[in-house]
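Chain nomenclature is as follows: A, B, C, D and E, assigned in order of appearance, with residue numbering initiated at 1 for each chain independently.
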Amino acid sequence: MTEIWQGLIRAVQLLVSFDAEVVEIAARTLRIAGTSSLLAAIISLPLGTLIHFRQFRGKGALINIVQTLYFLPTVIVGLFVFVLLSRAGPLGELGILFTPQAMVVGQMVLITPIMLGMTISALSGVRKELLETATSLGASGSQLGLLVLREARYAVLAALLLGFGRALSELGVAMMVGGNIDGYTRMMTGAIWLATQRGDLELALALGIILLFLALVISIVLNRLQQRRPQ
Amino acid sequence: MTEIWQGLIRAVQLLVSFDAEVVEIAARTLRIAGTSSLLAAIISLPLGTLIHFRQFRGKGALINIVQTLYFLPTVIVGLFVFVLLSRAGPLGELGILFTPQAMVVGQMVLITPIMLGMTISALSGVRKELLETATSLGASGSQLGLLVLREARYAVLAALLLGFGRALSELGVAMMVGGNIDGYTRMMTGAIWLATQRGDLELALALGIILLFLALVISIVLNRLQQRRPQ
Amino acid sequence: MSRPPSMIRITALTHRYGDREVLKGLDLSISRGETFALIGPTGAGKTTLLRIIDLLEMPSSGEICFDDRPVPGSGKQRLQMRRRMSLIHQKPQLFDSSVYDNVACGLRWRGNKETETVRKVGSILETVGLDRYEGRDARTLSGGEAQRVALARALVLEPEVLLLDEPTANLDPVSTSRIERLIRSIARQRSTTMIMATHDMSQGQYLADRIGVLIDGRLVQTGNSTEVFRSPRSEEVAGFVGMENIIEGKVVASAEGIATVKTGSDPDGTTIQAVSDQPVGREVHACVRPEDITLAPATHRSSARNSFRGTVTGVASSGPLSRVEVDCGFALVALVTRLSTEELGLEEGAAVVADFKATAVHVIERSAHR
Amino acid sequence: MSRPPSMIRITALTHRYGDREVLKGLDLSISRGETFALIGPTGAGKTTLLRIIDLLEMPSSGEICFDDRPVPGSGKQRLQMRRRMSLIHQKPQLFDSSVYDNVACGLRWRGNKETETVRKVGSILETVGLDRYEGRDARTLSGGEAQRVALARALVLEPEVLLLDEPTANLDPVSTSRIERLIRSIARQRSTTMIMATHDMSQGQYLADRIGVLIDGRLVQTGNSTEVFRSPRSEEVAGFVGMENIIEGKVVASAEGIATVKTGSDPDGTTIQAVSDQPVGREVHACVRPEDITLAPATHRSSARNSFRGTVTGVASSGPLSRVEVDCGFALVALVTRLSTEELGLEEGAAVVADFKATAVHVIERSAHR
Amino acid sequence: RVPALKIATTSSLYDTGLWAHLEPLFEEQHGVKLHVFRVGTGIALDHGKRGDVDAVVIHDRTREEEFVAGGYGVERVPFAYNYFMIVGPEDDPAGIAGLKPEDAFRKLLEDGAQDPDRIVFISRGDDSGTHAKEKAIWQAAGFAYHEVQESSWSKARDGYVKAARGMGPTLLMANEKGAYTLTDNGTFLAYKGNLELVPIVETGAMLLNEYSVIAVNPDRHPGTNAEMAGNLVEFLTSPDIQDIIGSYGVDEYGVPLFSPCAGAEPGE
């Protein structure tokens, strides 16, 4: 229990002292997780909207598969991307294994199914009648897509947040694909993990608290954005 | 790339030969993740419904905090529960550290915020008018809760699935709190992790594929259940 | 007056949304077994009032007594009260399940036995003309079918108080009269208290014991249908209840309860005789319902107190009636049967005599604030 | 017949939901600038037909031509066509944004300049009586306000074809006539083609050039309002369009275009004279609209071809008219003005004479299959 | 971007902070970025086999020799060593203090079968270098490893526990359960503050723990940075660095954590 208090105190100390290393790791974490979330969102929003609107054979099966990928363990994603990018693997030529780019790729594999699946279920909450009204008023396919995203914005934002949260808090991909290299590919979770391995539980807790603090700020900002009515 | 094929072949071999150890680990994984998901659902559904319906000061803030907890890294949850349950910790008396029970507790800490938060956003998709209609027809608070869960069943099921998926695919809690003990607390992800540590990437991939296969079966079954109309 | 005990009594009820005052100090008491119709323009606050009575919303201020007991604050007690009522919302919202489940839900929520529920649901669906619809997915119903399911869902509960918000807005005339007869028979047989918001004036007249006119959040007049439709208290009400002829004038003579109203502003304007107590010199509106005006050929010698020669300026027929506009110095609108229109050869330019009785004229004091 | 080019032509249109056939082989052609009203009982298929015309749904079979071109399969071309139309849905669905945004969206989707949009939206909101509502959250509007926003949203697009599904179902009489006048003026000024589903018969009569009666998925009759309301083609239509008096009988004589119909089955039943070509011996229905029957005191000597003595069995008044049921061997329903009801002292048990002309009787061959 | 030299190293070297200490020295000397992966022995070797790293630095002699024999590595170069130790609860319930490691293990197994609740041993169970050493000691004690795993001691709920985790968490677990475990001294020293465990058996030839560096064979993976890998081997065996390794840890723990052995097998 004392560890938790000490962790808290340490967290506050690190935060107020603006510890250079912590700041650097936090910035890197946000950059990498932010990039992968952004890219995953850019894929998921239109694709999810498309899947939502189109009727095709195997749609149910596709959604089932996407939902199954929610269960992808990070180690497996890490391993899979690792095998692909490893020098002996098919994309070994790129030589991006153990780089932030590779981590972005891995995280995208991890979170795109989540964002995609949750976007689809968010959209399915929008009434059919509303969409037909818009169709009658002459909305084109993409205009309809924007409308449905707007109507479901609360749930869509939740889906995006969830994906971002997963990217921010995952460890397996960062470890397997990034290599947890000090000063280059180490993210918050990697630092936390290392601290636990070294027996510095206080530091681990402190870093965890800082990560959550970051997350809180982000989720407040996003929620504010979402609540502000567009003029 | 060959590893992926070999992993696939190995996965099929393990599946068809009904490898005793894999079956045991898979069963344990389902039992533990299933228990924690069930308990988390039992907490989240009524609590989420309550939060959805009640208006109170700080509701927005509460939801923000819950959403922030989506970001909880598994290591941190593991560490936190470890510190609580360790002999020196406040709940050390229970002596349940490194047991499946402890893992259930840890996983609940991890997934309850996800189930709760996603349930709340699922419910927020149900039209106010519908609820007022039910109220007019004499639905009590709990009846209203059941109705709203039913109306949002698609999204609620997605939330539960997501939580279950997180429990099934997480590693940090199982390692920190369960100890990844052979034959006792080792789950699929622990076995996968171990295989990667040993450098047996094939086995790791094979186990990963089996885990996904399990997940696929579960998500198909749940989706079927949800589509079947209650009489 | 010894009235039966009041089922719903509202005192000084005010409701605000944001800083819009939507209901402005209403007082209203409705007796057990009474059928009360709320009429008023769109946005007047009818739905809001029904919602407040159904305890869906807490009024900003004012008091409501239900069955002579003030409405409690506790959720459980409110639920008890609410379960004695049933509100049919203006936009029927059906649950995402079968028609049967939709109609059964209220009974289930009250813990009815399922066998009982099956019987009741079957019989009410038959009553609203939807037998064999039990198994249908409620979301695929047509507008009118949905409306009838919503009705059935409320009626099956046999509530003590039935609140209806535009119950027949989506129905064709045949279904409408079927539902109207149903509502009427329920009101009579079960002596259910009913409050209905309707924009269908004739529905209000046909079904209600008493009518309240709600305009801009104020209950400007309540009374039986004759009072409301023939003696509106203000120009506003007069306009709303279809008194299309509202003629400005001034009382110039008054004798034996008959007032003479000079129309227009010029000194030798036409005069209208009306049964009224308004004193000489008062600025008034003389109001006449279009259906109280008879038209006759120009050759006709009339015995009516008010008889004016004029020229037809327009004829519009809709259904069994024609609406004929006549210029006889001032503009008059008359509603006559299509039969007479044809017999009299009423068409633009035709010369006619427009007659109406002194009793058909309702005189309202012209309010200063206009 | 040289008709103007058809704007919408439907051939052998059939639509199924599951294995319910909701539209059964419709043929219909609507000319540019025409106003067409679809009337029919709830669940007849009106909404389905409008949805298919608006290209929201693909019919199960049959062809639709829009502006003389068959409706294409490609989404893009369908969008082009759809943008020339505008459907006001039966249940108005407003988007979760301001009233302004709701009305502006169609213009924005068509890429209009925002300054233009501001002007147009402002002006249409004024027209429907909702100026100063721009900033309101659309979800907080009352039923009638929402309906008007939905109307404004479609009208602001100035479509070539306007499809209206029960456009005034939620409106009070004052708003209704305002909207009706608006629709009428749009039809005239812009020569917009209009198809409206309505359950308000008088609205259909007032606004439409032509009326189609849709019953159980079949377009059983189309024609102008006189044809539909006075000469229904079948008993079914007769019942639906308010010909409340449908008397079974048999033609016993026929001369100079006047048929004599003996009512009932007993040999010395009453006879009715009707303008009709039906041959002697044919089993028929003699139909009379209630408003075509005049009631007179029992002492009255009538010159009408059909004049029956009877006893009043019921009086119900609603609005300007009273519905009087008379037993004169067979049951008759007459609609008379409230004025006459009072003058004649019509009440249960009163003896009266019911008159109607031979031209007021519409004779339909009794179909074998009943 | 500065070219990077990638090495996979075992956790015990990394967690003691030795690499963090050496890294800037090497980077400055050779103008290169050093990317150090902290991984298990198995995956370190695998990284080496597929050419994803340029060198591996580990402590499992048997597998190192296999690696080189398989043509994956250039040469196995030992550069430092220290000793494993058996740690356990202070009251030493099995009474193994002072025994030779193999005798201690035999006693643990025999007594543990009688009283598995009190005599508990946590095994790394993950094929790490430490686990390999544990198996070797069992072998020396006269048991095939599968015999240990199938013993009644192992079958009991507590008793012989195979928990596959890192060394540090294994120590924490042993601490929680009041159990014995085999650990390298570096990790033990790092964790000491959190532990109630004490060293029970620290001497015996079996406990020798040697660390070697192997450059990945450039013939197999032409893309690897063979030249710089050679520089690393040279660096680690250079006298200056050997001195630094030999004194590392004195500041923090009061004792050196490693003994240098510059390319030669440490004397036994």
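In this text, a contact is a pair of C-beta atoms (placed from the backbone, for glycine too) under 8 Å apart; a residue touches a chain by one contact, two chains touch by 3 or more.
Bear in mind that the values here come from a model prediction, so they are computed numbers and not experimental data.
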item: Shared interface partners, meaning chains that touch subunit A and subunit D; value: none
item: Shortest walk length in steps over touching chains, subunit B through to subunit E; value: 1
item: Shared interface numbering between subunit D and subunit C [over half = same, under half = different]; value: same
item: Two chains joined by the most C-beta pairs in contact, as defined above; value: A-B
item: Far-end chain from subunit D, centres as C-alpha averages; value: E
item: Centroid spacing, where centroids are CA-atom means, of subunit A and subunit B in whole angstrom; value: 18
item: Whole-Å gap separating subunit C and subunit D, where each centre is the average of the chain's CA atoms; value: 23
item: Inter-centroid spacing, subunit C versus subunit A (mean Cα positions, whole Å); value: 58
item: Separation of subunit C from subunit E, taking each centre as the mean of its C-alpha atoms, in whole Å; value: 91
item: For subunit D, residues contacting two or more additional chains; value: 91
item: Where subunit B touches two or more other chains at once, by residue number; value: 127, 176, 193, 196, 201
item: Residues within subunit E bordering two or more other chains; value: 169, 172
item: Touch relationships between chains, expressed as pairs; value: A-B, A-D, A-E, B-C, B-E, C-D
item: Contacting residues of subunit E [partner subunit A, same complex]; value: 6, 11, 15, 20, 23, 33, 35-38, 50-52, 166-169, 171-172, 190-191, 193-194, 221, 223
item: Residue numbers on subunit C that touch subunit B, as the complex places them; value: 51, 54, 56, 75, 79, 82-83, 85-87, 89, 91-93, 95-98, 101, 105-106, 109-110, 153-154, 157, 163
item: Subunit A contact footprint on subunit B (complex, rising order); value: 1, 3-4, 60, 63-65, 67-76, 79-80, 83-84, 88-90, 114, 117-118, 121-122, 124-125, 127, 152, 154-155, 158, 161-162, 164-166, 168-172, 176, 188-189, 192-193, 196, 201, 204-205, 208, 211-212, 215-216, 219-220, 223
item: Residues of subunit C that touch subunit D when the two form their complex; value: 17, 39-43, 46-48, 90-91, 140-145, 147-148, 165-166, 169-176, 199, 201-203, 205-206, 239-240, 242, 289-292, 294, 316-321, 335-339
item: Of subunit E, residues touching subunit B in the complex; value: 39-40, 42-46, 125-128, 157, 161-165, 169, 172-173, 176-177
